[in-house]
Amino acid sequence: MSDSPYQDDRGNKDRSITRAGGGGTSQHKPSGGTARPAPGTPFLIGEAMTGGYGKGPDILHACTIAVEPGEIAVIVGPNGAGKSTAMKAMFGMLDVRSGRVMLDGEDITALSPQDRVVKGMGFVPQTHNIFATMTVEENLEMGAFIRRDDFHDTMTQVYDLFPILKEKRLQPAGQLSGGQRQQVAVGRALMTKPKVLMLDEPTAGVSPIVMDELFDRIIEVARTGIPILMVEQNARQALEIADKAYVLVQGANAHTGTGRELLADPDVRRSFLGG
Amino acid sequence: MEFLNGLVFLTNFVVVPALAYGAQLAIGALGVTLVYAILRFSNFAHGDTMAFGTAVTIKVTALLVALGITLGPLPTALLALPVGIAATMLLVLGTDWLVYKFYRVQRAKPVILVIVSLGVMFVLNGVTRVFIGVGDIQFADGARFVLTVQQFKDATGLDEGLAIRTTQAITLVTAAVTVAALFWFLNRTRTGKSMRAFSDNEDLALLSGIDPNRVVRVTWLIVAALATIAGVLYGLDKSFKAFTYFQLLLPIFAAAIVGGIGNPVGAIAGGFLIAFAEVTVTYPLKKVLTYWLPDSMAPDGLVQLLSGDYKFAVSFMILLIVLLFRPTGLFKGQSI
Amino acid sequence: MTDSLRTGLFAAFVAGLIIATGALDNWNLALVILNYGLISAIMALGVNLQWGLAGLFNVGIMGFVALGGLASVLISMPPVAAAWTAGGLRTLAGLAIGAVAIVALTAVYRRMAAGKARTIVMLALTVAGFFAFRTVFDGGVAAIEAVNPSLTGYLGGANFGGDAGRDWWWMPIIAWPVGGLLAAGAAWAIGKVALGLRSDYLAIATLGIAEIIIAVIKNENWLSRGVLNVTGLPRPVPYETDLQADPAFVARAADLGFDATLASTLWVKLLYAGLFATFLIVLLFLAQRALHSPWGRMMRAIRDNEVAAEAMGKDVTRRHLQVFVIGSAICGLAGAMMTTLDGQMTPAGYQPLRFTFLVWVMVIVGGSGNNFGAVLGGLLIWWLWVAVGEYGPDLMIWVTSALSEDSTLRAGLVDSAPQMRYIVMGTVLLMILRFSPRGILPER
Amino acid sequence: QDPITEVKIGIELGFTGPLESIVPAMAAGAELAIAEVNTAGTLLGGATVTTARADSTCTDAGAASAAAEGLVTGEMVDAIMGADCSGVTSAILQNVARPNGIVMISPSATSPALSDAEDDGLFFRTAPSDARQGVVMTDVLMDREITNVALTYTNNDYGKGLADAFQAAFEAAGGTVTISAAHEDGKGDYSSEVAALAAAGGDVLVVAGYTDQGGKGIIQNALDTGAFDTFVLPDGMVGQQLVDDIGEGLTGSFGQFPGTDSAGAETFQAMATEAGFDGTGAFAGESYDAAALIMLAMEAAGSNESAVFKDHVMDVANAPGTEIFPGELAKAIELLKAGEDIDYVGATAVELIGNGESAGNYREIEIRDGAIETVGYR
Amino acid sequence: MIVVENMVKAFGGFHAVDGASLTITEGSITGLIGPNGAGKTTLFNVIAGVLQPTSGTVTMQGQDITGLPPHALFHRGLLRTFQIAHEFPSMTCRENLMMVPGSQSGESLWNTWFGRKRIADEERALRARADEVLDFLTVSHLADHKAGQISGGQKKLLELGRTMMVDAKIVFLDEVGAGVNRTLLNTIGDAIIRLNKERGYTFVVIEHDMDFIGRLCDPVICMAEGRVLAQGTLAEIKANEQVIEAYLGTGLKNKDQVAGA
């Protein structure tokens, strides 16, 4: 929670998210779907990011996170390590005081979050990730807000993936159970047809069977060439499917490697994966 | 015949005025409810925003009349209304930029915003009075009646008459059009849906590519239009006085809350409920009953549900009763 | 800056404002401002208890203040014997019938099983009770109101001190806590029903209840003389004219170099200030002790998160009721004081702008959750409210002095100076909120 | 003794609040009298009269007392012209005027309760107590053989006091009041009030309110819906503005307001028009008279000390003496200087009785062809 | 210890809990699992008095506690934590703990004015106890931090800590593990076992992490569609066909394809 003098009441509770000057929606259409790396740099990279909330202390310390097309990158680490913060930083929701964020070879450090959405980034936050008073269907529609094309196919896909949502299509999302909400949140992000998808603990609170489904679907999405960056506490499962993994401790990179490497590292296992 | 007379009497004194008053309250309450739903605070400056918009409209009307431009049987103010709306839009956008924006960026608690709106109310209150004065201003021109009592009596041969003022007719038509347009906008258009999304979860709206500044801007524009329309209709139907508009805030809030604040349907239902309640609860049934009952049973007293002394408090009593049985209003409203 | 330093500076600033008013303009005005300011501070303290401590959004302050005022009349005015003989007992009997009917209704509602039978019995009881009540009550009221309507026409109060109650000069002081009790009683009943509502709904419900209370006071003439006002309330302090006629006082004033009129007006105001300040200090002391205790900690927990507090065994409903009643009682106390200070009760004078919103401004500006903040905010805002009215027009004349004597713009601006009160109040409020959003003395 | 060079009169009226729309004309009325005296330049051997305005708010006794305190102890005014509403008037009287021994003349506080207020002889009013008007209005109605009326009043001490007085007198005289319903000022919509009045019925509607407040709203609404077509207008309701606003519909309505068979009112209206304000506004004339009386009493006493000139207010207001009309203040000062007696008539035919309140001579009027015409005196 | 019989909770026409019956034995750590939307949280809320049941009864140690408000249940020794941490954000962690015990004499206004001595003594004892609890949870360094500004997992520890401030009889934990780092979760698990062993608390644990359930719980109850589907040891549950189909699933299908890519 930020230390703003006003006390927060809604949303993700950091003031930086609506920082002044977050420009208007630009009208150019996201191409959606496929991504192609610019030669030399990874598709999406937060490079040596340092920053924090509002005027507070730095939470991230020269933290670097990158992901390539078709890859799944996973961030793990103890609670309060700054994983969510790193994600938000890459999405432009707080000031990066030094370092930069590059998307497809373009420096997007100065763009506002909405502009990043337009550029094809999709994000599922850890909390407050649905429109509680809108129906499930409207939630999905809002996911497709920046799309001007017909998005009904995508919606059918989402319903196929999470059949329960189709059943509860006309129910306000706020009345769903914890795990159902999580499914809505991921569905909403998928509706964007993003070029890169960022997920903050998508499986928190979902049942094992849904979690498997979700991971399956994530793999499928990645296979279509969309890079996926996610934070996970169900670290063992996540690392198993990760092409690349980062361990963050106190806002800095502690270990980096492929998922299997880290799974095999006894140090990592003991400190972060619960033995 | 007797029955018809009673019915006409009731229509003339209860139904028609309550409909018109209800429509005015409803449009006012819509403005309050929109600010609440999307910007998340109870806007105490709404009454004065209405007064400001009306004041500008009056000045422009005066100018038009001086230039000899009128609308024939319709009030000239309708012609001036767009200017009033435009001025009010500038005003609220300016206020937002100067005042509210800061607190929004800071994510201030709603109550801080309520108190801030109180400050805006004080300032606007003064500004409007300095601008147009404190007096009572009548600015309706054109034909006063669509149907007068005498015309009605002549046409029907009944003892009781029915009058419909032009302003009442205009009020109802405008209200219907405004409300329909607003609903279409909120539920069918992309911008409308994005406003609802924003009202629900600001951050997530951002992550869906919705531009918060645009949502806020559009909201204020709509609110300004609603406030001016409500204010002008009310002023046309009655007369304009700065103090009256400030007082209007209470029934408007009552209407918004009874309906369920944050819910547009509720605002409209609330407006009519409050209006009808005010007229009917203290209404003496004596004369109607005299028509309707056989002579032998004609009442002596006034047959009032509640003494007229308490008429002023009626809207609040209704409010309390509704809240006791439906704590979030008739139509479920938002609660912070 | 430490908290206590900040508090000290703010206190010094407010004191400075009042002293400057006295030194630069006149002491009588400064003391009037101080007296009403002290009463405002007490109100702000009550509201702060409700809002700052428990997060209850009470916008019905006006109603409780008015009830306090009513108590002031009912205790400190002499009874009207003729009215009592004419219809006093009958009116009370009517009220008793009404009360019995309500008790019976609740009993039926509780005891009988839901169903048609209960509905019918309740309907019958309601109708019968209502008519019995109206017949007995209305007759009594009519009789009372017929007794010399232009001067009395009401039952009067409970002050049996001779000479229009002046011999029992201490009765008004008794009336103050009674005002608190009356407001507390009403708050209890209101809280029982309305406290379940959330924020804005509670706000508007209390706003409505306040209007209803005012409507009752305005219309129940037998009780309060309604809009006809009760004037000439006895005072707990001497009358200026008596002092001016008292040679000892005049002599003492002369010794100090004052003329009798000035000395008497100042002395009376100082006495009032002493009385009010005593009450304020005691209340502030109690409030501070409560705040810094497990009780205060519990209240903060409830405000922070009701659901969790409830799960941790705190009876949130009861605690809310407790704070609501105490806060309202404090407002009632202040209301009674104000009526005594005014020397009269004017029901039409209870306007939400003045008695509800202005008090809220005091609390928010001072710093909600901070007792000292609320008290100093009360004094500051009241000073501002008066000062803007007082000095605004002069200021306007000064500002426009550059314009030619007979320019219409200048005349218009000078004429609209009273309206400036609103503009200035609003601007100051906005400024303070802008630069110190949690108030001048933020909580902790 | 030093010659008096400056006299200061405080004007305390509700510049903000419910009466804010009629107050500017009242203040202008008072200032008109003061300007007239200043133009003559002869008061108390050449003193100039200055004014200080203060806001009584009409409703808030606390703010009104503070404002009065500012006038009396800050601005050091010699007398107060005000206040407007009865409630704040008595608060100022008790809390400020009496303790400081300052004369107060109210142009518009009509509550009967003020008649017997303790005032140490400091309080006067140029408006009559409502008790008297109730009787006069009854006579007017009875003479027209109207015995069945509906009654609505503005819910304050003026309206309620007048309504009660009227109802008592009217019923004693054999009339019937079908309904006596209060209306609140400061609202725009009066359809429910009119609905109730219409349901109760009556030959005419007595409207004890204000021209630009609820009273007007009620009349407008009653005409539109055909509920009533004739209205009885007591003092607060008589004003050209009302006649202009309502127009044709008001023809045939009648009423009464303080006044005698004198040309004062018309003169005052002409002067007001010249000065650029509406002289027919409620209590504008009374305000002129209040200010004039203060200054004339000072002249008669040869002093601007309240304690001294308070005893001369009644003298200058009442016969015997030369009658003084608006615009003749200079003449009055000359006469007083010459030691002659005057009888100030002014804009509203002032005649002070009892403890210093207007006697209640009334002018009966009827609205004909868009004008207020006098049909008799009572 | 707790017996739930034929519990039904309907929202409108939808039965979130639909005739569930279960028994929780004293001194056990019972696991409650089930698919998303099975009605676990709703059942908790009904037992804990947050929601009123549509029908059905809850008894605790033989006494009917159906529909009692949460604060009354607290005083009977029934405590719960929340799926989403419900700390008191503007209070320090220590205060968060100190406010818990009921019937503190300092909670009466009268005593705050006239019983200062007694309050001071009590406060000293409370403070000592709070520090002890913080120590137990390995977070003593957070004692003076505002609870709103600690990380998600730490908040969950604090939630657990609150239950240790009084002598609870039964504690309901709603997804303490979701979003908590596994290493920290192990610490929490240890704390739960210690409380169960050393203080004799009974626990009911909702969790989707089977390892965690496996480490702690016996027996395990599986709910689905508002009813109890199966009950037994974790091994039994894991072998249950219905449970596998509704809840556990059979693992990833696509795993190899990606890891190879």
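Going in written order, the chains are labelled A, B, C, D and E, and every chain counts its residues from 1.
Keep this in mind: a residue touches a chain if its C-beta (ideal position, glycine included) is under 8 Å from a C-beta of that chain, and two chains touch if they have at least 3 such contacts.
Here's who's who by UniProt: A = Amino acid/amide ABC transporter ATP-binding protein 2, HAAT family; B = Amino acid/amide ABC transporter membrane protein 1, HAAT family; C = Amino acid/amide ABC transporter membrane protein 2, HAAT family; E = Amino acid/amide ABC transporter ATP-binding protein 1, HAAT family.
All of these numbers come straight from a predicted model, not from anything done at the bench.
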Given chain C and chain D, the chains that contact each of them: B
Target chain E, source chain B, minimum contact steps: 2
Maximum centroid distance from chain E, chain identifier (CA atoms): D
Contact-richer chain pair (by C-beta pairs counted) among C-E and A-E: A-E
Chain whose mean Cα position lies farthest from chain C: A
Rounded Å distance between chain B and chain D, as computed from the means of their C-alpha atoms: 36
Centre-of-Cα separation between chain C and chain B, whole angstrom: 31
Chain D and chain E, separation of their C-alpha mean positions in angstrom: 74
Intercentroid distance (Cα basis), chain B paired with chain A, Å: 45
Shared interface positions of chain A, touching two or more other chains: 5-7
Contacts with two or more other chains, residues of chain E listed in rising order: 89-90
Touching two or more other chains - residue numbers and ranges from chain D: 17, 20, 24, 155, 182
Interface residues, chain C side, partner chain E - complex: 286, 289-290, 293-298, 300-301, 304-305, 307-316, 322, 326
Chain E to chain A touching residues, read off their complex: 11, 33-38, 41, 83-84, 89-90, 148-154, 175, 178-186, 208-211, 246-255, 257-259, 261
Chain B residues touching chain C - in the complex, by the definition given at the top: 36, 42, 44, 99, 102-103, 106, 108, 110-112, 115-116, 118-127, 129-130, 134, 246, 250, 253-254, 257, 261, 307, 309-310, 312-313, 315-317, 319-320, 323-324, 327-329, 335-336
Touching residues on chain D, where the partner in the complex is chain C: 15-17, 20, 24, 53-55, 57, 59-63, 65-67, 69-70, 72-74, 85-88, 90-91, 94-95, 98-101, 111-113, 115-118, 120, 131, 155-157, 159-161, 164-165, 168, 182
Residue numbers on chain C that touch chain B, as the complex places them: 51, 57, 193-194, 196-201, 203-205, 207-209, 211-212, 215, 218-219, 352-353, 357, 360-361, 364, 412-413, 416, 419-423, 425-427, 429-430, 433-434, 437
